[in-house]
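Once you've had a glance at the structure underneath, I'll fire off some questions.
Chain nomenclature is as follows: A, B, C and D, assigned in order of appearance, with residue numbering initiated at 1 for each chain independently.
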Amino acid sequence: MAQRRSGLWHSNEVRYNRSPMSTPPLSARKLIHSILLSKGRMEALTDGIFAIAMTLLVLELKVPDLPKRVGATELLQKIGEEAPAFFSFMMSFLYCGLLWVMHHLAMHFVRHLQIALVWLNLLFLMSISLMPFSCGLLGHFLRNRAAQEIYFSNMFVAAALVAAQWLVAKKKKLINEDDLLASQLMGQQVIFLPVALGAGLVAASFNPLMGSYGFIVVLLALRLWQRRWHRNRIANPASPSS
Amino acid sequence: MAQRRSGLWHSNEVRYNRSPMSTPPLSARKLIHSILLSKGRMEALTDGIFAIAMTLLVLELKVPDLPKRVGATELLQKIGEEAPAFFSFMMSFLYCGLLWVMHHLAMHFVRHLQIALVWLNLLFLMSISLMPFSCGLLGHFLRNRAAQEIYFSNMFVAAALVAAQWLVAKKKKLINEDDLLASQLMGQQVIFLPVALGAGLVAASFNPLMGSYGFIVVLLALRLWQRRWHRNRIANPASPSS
Amino acid sequence: MAQRRSGLWHSNEVRYNRSPMSTPPLSARKLIHSILLSKGRMEALTDGIFAIAMTLLVLELKVPDLPKRVGATELLQKIGEEAPAFFSFMMSFLYCGLLWVMHHLAMHFVRHLQIALVWLNLLFLMSISLMPFSCGLLGHFLRNRAAQEIYFSNMFVAAALVAAQWLVAKKKKLINEDDLLASQLMGQQVIFLPVALGAGLVAASFNPLMGSYGFIVVLLALRLWQRRWHRNRIANPASPSS
Amino acid sequence: MAQRRSGLWHSNEVRYNRSPMSTPPLSARKLIHSILLSKGRMEALTDGIFAIAMTLLVLELKVPDLPKRVGATELLQKIGEEAPAFFSFMMSFLYCGLLWVMHHLAMHFVRHLQIALVWLNLLFLMSISLMPFSCGLLGHFLRNRAAQEIYFSNMFVAAALVAAQWLVAKKKKLINEDDLLASQLMGQQVIFLPVALGAGLVAASFNPLMGSYGFIVVLLALRLWQRRWHRNRIANPASPSS
């Protein structure tokens, strides 16, 4: 049977994910799922959805509904009133950019995809494509606690789904650990963001201001821990601590 | 004449689809159509339209039209009233994701494109780009039978056009059958979805609730049949069934 | 100087377009413009703009503004009233698909880009990105002569800009004519469409109905001429008639 | 340690940016940032955001809100009143096209990316994705000074961010200077545009009309200087003047 499949086996797009020892025949469902999806097309869909979600954010910035011959001062003032929308647009654009960079960096370490990773990535993309809604909500109701909670929950879910992809890829041994140190640091980065955002969300449920503090304190603490861990790691490269 | 063409013949993008034995000269129209379109660019257009359609779904989630200083409870309640729109957004996003994965998997088995496949794929993309409309309709009129029928018909047409592409590619011998078992299972998967959706649509024309039952029952039955077929196929790999 | 440039010269992305005999030094402007733009990225932008314009067409299909608990019949009737918008959506989607296929086929024959082709392509993309507006206009005012003229002029301009790209590429010797017959037929195809559309527009300026007749008659006549030309060409392959 | 990393080192996507002499161990943060982002995916995101922003410009062209059976003359007149919006659409589309071409040409000279360039590029993309808003503003308030200032500031910021990317890449020695003359001319082109736009903005703060003059005069002066510089450079190729 192995020979019959050789034609596909050697193509550089379709690869099979069966360990050479798997003697029991796979179920029909698993056989299809064992076809690995092309990393390139998943990245194309990801880049496309990021590009669109990041550009749709601008649709929340409405051209003021004023008569055409309005004065410059009045127009500027009206646009100034929309400052929260601009603030929300910029924060959302840069946060999406950050997630894109993180996802991009993390994907460097993933050797190939599996169906579970594809679905996690689709959920991740769903949370990204929700950002224009959350961003518009925050831009319109900047000081409203419900809007803030929805916005930051959306941020948290997106970051958590990047971390989940990493953890699943790690469990399924899809992470390239040739440079063990770099892959470990990458994994830490990927997990720090949702942990800090989650801490901020919990803190904010007591007091909105505490939210930002919680986020910053936890992120700094994690970074300090990472620096110490890294220094120890360099000093004792042999220890297989993870 | 064969030599004159050698420059193009060896390029890795433009390939001709004429069997070496075709001695009668092709008509002008067929000669142009025999130039095979690049699979890569068709995939780029496909990924682009999927990315955009999946992200445009969010435009149906409108920021509530409330005064800026509204209370958190009132805002949450207003957003809660839009629950059908969120439900429709999520279902549509995941269904489009499913079709994208199926189309992606199926394309692994297609060796190259022909003009007929390109047009079938454009019709498929048209049905995908209609999804934001159908999704918005369902989100707004969740319990309306006309909205449900339009939405599920759209789903059905999209799935049927994936199946049609598979069948046409198979008839034109464009399917890579080096791994015969995998390509047969893939073909079954591709055909099961529209069959089950069609069954659901027919059942729903009698009674809306029967629609979901019809869909699930048919899909389960097809899966059970596939499992048995697969077990037989493994036991007697020589039989050229299907 | 030639040696100094060798590093770039051999890269497969940046190529210079200077004939080896060009001894007089190029002007600063021409030197920059002689850097050839990557065909791949131009295709990526083209595929992106096509994907978006084709998907934005759907935004003209509005979810009917009816109360949530409206009956199925009333909803269907309201959607039925929007039939012109659906007709316009489908025609525009398929026409854009046709132009995409033609542009795609024509690009197979273009060896590399030059700045003039890039700007012509940007103008072409501008006409494509106008399609959602023209399509919306026609969908809303299907029987209005002004809407029809704007819509078909947009179609004509887009098709004419594909033809213009072909003619410029041909004049600048960028067309791969290894398969002379195929490239000649491609060139004819590319020019037939705007000629027939132009004829239709002229005819329609006398009488709307004559527009469609003019288009069809001219396209059929051109096809018949092409068939005869092709038959002669096959019979006398030596004659260098173009 | 160098050997352990060899697996990644030779991959053609992930490259490390450490000079071979850097003996002191990098900090955790720098180690992650030293992973170079793939130029291909940054280009995909860039092409995507350009394609979307350029196509969203069309959303500012609204189908006139007239009864369906309106006369052709009245419809044309109403569309004619929107001439400023069409003018703004075309100018913005072509300006975005120009920036895309410049960014594209400049990227040919960039050997690889670093995290600083990625963030500068994200800021650049943010300014591009703001264009549909600025374009809509100018289209609606063409003669309003505030709208003009916002529009041209947006243009200026986008052009300045291309120049900033070039300067940062140059400082970090990421520019391929194998063809020194071409890379120097490219650098000049990239810097001329924001300088001329900035001059126009300053001049316009005194008098709107002076703005256009300022822009044109400065651009011409820079071009003349470039032509003389280029002629000197050809005459004395040895002089390492920059």
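Basically, a contact is a pair of C-beta atoms (placed from the backbone, for glycine too) under 8 Å apart; a residue touches a chain by one contact, two chains touch by 3 or more.
As the structure is a prediction and not an experimental result, all values here were calculated from the model.
**Q** Since subunit B and subunit C are copies that touch, just let me know if over half of their interface numbering is common to both, same, or not, different.
**A** Mostly different residues: under half of the interface numbers shared.
**Q** What chain is the most remote from subunit A, judged by the mean position of CA atoms in each chain?
**A** Of all the other chains, the one whose centre lies farthest from subunit A is C.
**Q** Using CA atoms for the superposition, what rotation angle relates subunit A to subunit D, in steps of 5 degrees?
**A** In degrees, rounded to 5: 90.
**Q** Let me have the rounded angstrom distance from the C-alpha centre of subunit B over to the C-alpha centre of subunit C, please.
**A** Here the centre of subunit C sits 26 Å away from the centre of subunit B.
**Q** Express in whole angstrom the distance between the two chain centres, defined as the mean CA positions of subunit A and subunit C.
**A** Roughly 37 Å, centre to centre.
**Q** Pull out every residue in subunit A that's touching 2 or more other chains.
**A** Residues 44, 48, 51-52, 56, 59.
**Q** Which residues of subunit C touch subunit D in the complex?
**A** 1, 4-9, 13-14, 25, 27-29, 31-32, 35, 37-38, 41, 44-45, 48-49, 51-53, 56, 59-60, 115, 118-119, 122, 125-126, 129-130, 132-133, 136-137, 140-141, 144-147, 150
**Q** Under the stated contact criterion, what part of subunit A meets subunit D in this complex?
**A** 43-44, 47-48, 50-52, 54-59, 61, 63, 66, 68-73, 75-76, 79, 89-90, 93-94, 97, 100-101, 104-105, 108-109, 176, 178-182, 185-186, 188-189, 223, 226-227, 229-230, 234, 237
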